[in-house]
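Each structure below is given as structure tokens.
The two complexes that follow have chain A in common; it is paired with chain B in the first and with chain C in the second.
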Partner chain A sequence: MQQQNIWTKLIRVDRRILYLILFLNIAVFLMFPFKMPATITSPARGLYDAVDSLQPNDLVMISSNWSASTMAENQPQLEAIIKHLIRKGARFTLVSNEAQSRDLSKRIAVGVTQSSDNAEYHTYGQKWAHLGFVTDLIAAIRGMGSNLSEAVKQDVEGTPIDQLPVLQGAKSLKDYKMVIDVTPSGTLPYWISYRPPNLIVGYAPTSVMAAEGFTYLDSKQLVGMITGLKGAHEYEQLMGETGLGHKFINAISFSHVLILLFIGLGNLAMIMARRAQGEA
Partner chain B sequence: MQLALDMSRDGATWMMAAIVVLAFLGMFGLVFLLQMLSTQGRRAIVVAVTFIAGLIFALEFFLPAQPVDGQDKNFLSDPTLQIQNFLQVVAGMALGLGTYGLLRLHLRNVVQKRAQWGYSASLLISLVVMGFLSIWHSLGEKNVEGQPLVATNETAEYIFSVLFNNMIVQMDAAMFSLIAFYIFSAAYRAFRIRSIEATILMATAMIVMIGIVPLGKAISEGIGLPAELPPEYAKEPFSLTAILYSLKLPTMADWILKTLNAPATRAIEFGVAVGGLATAIRLWLSMDRGLGV
Partner chain C sequence: MEWLNDFLPLSLERMGIWIGAICTVALYSILYRENPAYRLFEHLFIGLAAGYSLGPLVGDILYKYWYLPLTEGAWWWAFAVPFGMWLYFIYSEKYGWVSRIVIGVLIGASAGLFFQQFCSLYVPQIYASFKPIIPTGANEGLLASNAINNFIFIVVLLSVLTYFLFSFEQRGPVKRTAVLGRWMLMIALGAIFGNTLMARMALLVGRVYYLLHDWLMQI
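On to the complex of A and B.
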């Protein structure tokens, strides 16, 4: 009878206790991060190699379409990608199809470029710029594919596109080498479908959206993909950097284990409670 | 010189304001005109505009293009570009319509003191304060001839920063993070292994959830499985080292994602695409019943 009570109690445990256990698990691993190397997946390697093969002053478009809700995954990805672009000396522009992302991505780009050793990136507009918020991504991609300055006109600071030093010599998306879509939404098919054919595409989705990317990886329409925070961690590992991915990944790792352990525990409790009921 | 610069800036500001006002007047005029027509008349206009707009985009996509000024174009390419710019403006106006709808609903709640009208009041105050500060901030970022379009105010910028960076962003992130706690609780209570299918699902979830994170690599290599794929893999795919490598959690997780998950996703996407095409054709030909005119 005593045993039955324990298992039944375990099944009916107060959800606040579960929340507290998960909270403590996350908090401990965030407060005391340690290095745990990841297996580098081929999609992450693909994106890294594509960016790494860029030449100085090659132009890259970063499509940043996320809001604060997916910040934990998309911010480490965006930071890692920008750091790599700076390391390669590539020029880059950001564009947002999400209203919050206009400010969030600019703030992150300012933070990463200002803290970089490469002084060329310290002045906004020289090696990078933010083209602002676009309401309709398909229309924007098609427009930028034909004529950049017609489609966007001004950057976030109101400077006409054709006066930005970073975009000198760039008339349309055809003059870009690569686009990287950092997104929690289904914007990837738009870039795949409407981009100029010469523009290679990289993808940085949240974990739940990654399944969509494998289709395009198989068809070689994507050069690579970094999946959520885990992908950012792999990318940082390839770069030899310690960024947000490294800080957050252990909390994710051990949360996965915790969830599986508790699923097992829940099932064990159910079996034992039934068995005890049968014996009674 | 400074005077000329000021006049140029003032001119640009007035021009922008005039364009915005005229666009709004035009839009409301059009809506008013449509309201004046009979239902059949409205429907005829909407059907015709929908069909012509769809036809232009379809033809532009399918008609062969010739290189013109380094770009592949046909005779519809330039008009389509203008239409796309117009679409961006229309999509922007949709925000205005949404705001109008919100204001109308919640103002009514407050004025009539309906149940929980306090929430409506809080929404209205937040909307007005954030909207005002946000527009001020955005205009302050814009430069005309090296000068800000609108003079910024340090206090207003500080309040905007507190509201946006320290409140909206944090609350949005926190709201989404709560899902992890619900998933944890729901998985513990509801995920019961009662059938073969549930067992397979559980085993797959275990492999993928552990295999994709660094812990999977640490566990696999901790029990002695090889860290790298042996170089002789191409010649001897069934060598002991190759088999042991295949048993690593990250390798199995990768295989599940690429070989099992990707084809299933592709099939779903294919179905969705065919459904989307059918819906697009129905919309284009105005075959859907609820046209709302």
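On to the complex of A and C.
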């Protein structure tokens, strides 16, 4: 009878207590961090290697299409990628298919470039620029593929595209080496379909969207992928950097352990309660 | 005391952080129970997001791609607005046919674009699904582990495709293959759900980090 009561109580535990335990678990692992090595997956290695093989002044397009709701996953990814591009001395431009991302991604790029040791990146427009917001990504990609300054007339600050030092010598997307799509939505197929063939594609999706990327990885339509926050953590580890991915990963990992524990306990409690009921 | 001075919303930056923290706590209050604060901030969020989108739409799209060319001599852009507005004839019983002209143009353009998209996306994937499972002269370097992986891939691919054969009744070996395909789909969906959980946890971690780091300044 005693055993039956324990299991029944466990089944009926108020879900708010579970939320509180989860919150405390996350808070503890954020407040007391420790270094946990990441297993580097081959898609993350693929993206890292592709960026690492860039030459100084190669042009990279970052398609940043996320909003505040997925900031926790997309911000660490974007920061890690920009840091790597700066380290390689590559030029980069950002473009956003999401209104909020225009300002969020610019703010992040300003933060990362300003804190970099490379002074070339401190002046906006010199080694990097933001091309602003585009509503129709298909039209934008096709337009940029034929004539960049016709398709994107001005950057986010209102400077005509052909007056930006970062884009000197670049007439269209054909002059870029790589595009990296940082996104929580289904924008990847547009880049794969409508980009110039010489442009290689990297992918930084939220974890929810990552499953979609594996088919493109398998067919070599993608050079690599970093999956959500875990991917950002792997990327930081490959670069030897400590960023947001490192700060968040323990809290994520141990919240997964906690949820597995909850599921296990919940199922055990249900089985035991049913067994006890059967015996009674 | 120094912490308290930094913590209080005494500067514009701190006020912004306080507003962010209040919004976060109010939206998570739904986890305790349904309450008016949650409803208020939910509507605020939706309204703000919709209003915010309007700014870039006017500044980055209408101004840059419509108004500027128009004022620089591309007068034909003036026809874009009335042509687009023909869509609203859909509400008229008598002139509804006018809207179909715009809809027809949109469907035609989309169909053409998606035909290109279909070919660019799926042809390389079909090509990539032809994987070697037996070492021959053409693939001498095929490792046993790769051959096993490729074999599993082909079994899964064929069984899942069989599951989607709905044109005739599935019997015997076809049915058994389809059942295997269904199991494979379930496993894949489970893996996708695992990723979904990771994404949701990341969002929660991001918000808790904001509260502890930006607002309470404890990290």
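Simple rule for what comes next: the second predicted complex is superposed on the first by the 280 of 280 C-alpha atoms of A that agree within 3 Å, B and C clash if a C-alpha of one lies under 4 Å from a C-alpha of the other, contacts with A are read in each partner's own complex, and residues count from 1 in each chain.
Assume a contact is a pair of C-beta atoms (placed from the backbone, for glycine too) under 8 Å apart; a residue touches a chain by one contact, two chains touch by 3 or more.
All of these numbers come straight from a predicted model, not from anything done at the bench.
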Exercise. Here chain A is shared; do chain B and chain C fit on it together or clash?
Worked result: clash
Exercise. What is the contact status of A:K220 with respect to chain B (first) and chain C (second): first, second, both, or neither?
Worked result: second
Exercise. Counting only touches as set out at the top, which of chain B and chain C does A:M71 meet: first, second, both, neither?
Worked result: both
For this session: Tell me which partner A:S193 touches in the superposition: chain B (first), chain C (second), both or neither.
Result: second
For this session: Identify the partner contact of A:K230: answer first if only chain B is touched, second if only chain C is, both if each is, neither if none is.
Result: both
For this session: Look at A:T135 in the shared chain and tell me whether it touches chain B only, chain C only, both, or neither; answer first, second, both or neither.
Result: both
For this session: Please indicate which partner A:I252 is in contact with in the superposed arrangement: first for chain B, second for chain C, both, or neither.
Result: both
Exercise. Between chain B (first) and chain C (second), which, if any, makes contact with A:A211: first, second, both or neither?
Worked result: both
Exercise. After lining up the shared chain so the two structures overlap, which partner does A:M270 touch, if you call chain B first and chain C second: first, second, both or neither?
Worked result: first
For this session: Name the contact category of A:L30: first (chain B only), second (chain C only), both, or neither.
Result: second
Seminar exercise, completed: Of the two partners chain B and chain C, more of chain A gets touched by chain B
For this session: Just name the clashing stretch of chain C against chain B, choosing from 1-9, 91-99, 127-135 or 163-171.
Result: 91-99
Seminar exercise, completed: In chain A, both chain B and chain C touch residues 19, 22-23, 26, 67, 69-72, 100, 134-135, 154, 156, 210-211, 215, 218, 227, 230, 252, 255-256, 259
For this session: Flag every residue of chain C that touches chain A in the complex, lowest number first.
Result: 31-32, 49, 52-53, 55-57, 60-61, 64-65, 68, 113, 116-117, 120-121, 124-125, 127-128, 188, 191-192, 195-199, 201-209, 212-213, 218-219
For this session: Name, in rising order, each residue of chain A that touches chain B in their complex.
Result: 11, 13, 15, 18-19, 22-23, 26, 36-39, 41-42, 67-72, 100, 103-104, 107, 134-136, 139-140, 142-143, 146-147, 150-151, 154, 156-159, 171-172, 174, 210-212, 214-215, 218, 227, 230, 233, 249-250, 252-260, 262-263, 265-267, 270
For this session: Using the touch rule from the top, collect the residues of chain A that touch chain C in their complex.
Result: 16, 19, 22-23, 26-27, 30-31, 67, 69-73, 75, 99-100, 102, 132-135, 138, 153-154, 156, 189-190, 192-194, 206-208, 210-211, 215-216, 218-221, 227-230, 247-248, 251-252, 255-256, 259
Exercise. In the complex formed with chain A, which residues of chain B make contact?
Worked result: 70-71, 73, 77, 80-81, 84-85, 87-88, 91-92, 94-95, 141-144, 149, 164-165, 168-173, 175-177, 180-181, 183-185, 187-189, 191-193, 202, 205-206, 209-210, 212-218, 248, 250, 254, 257-258, 261-262, 265-266, 269
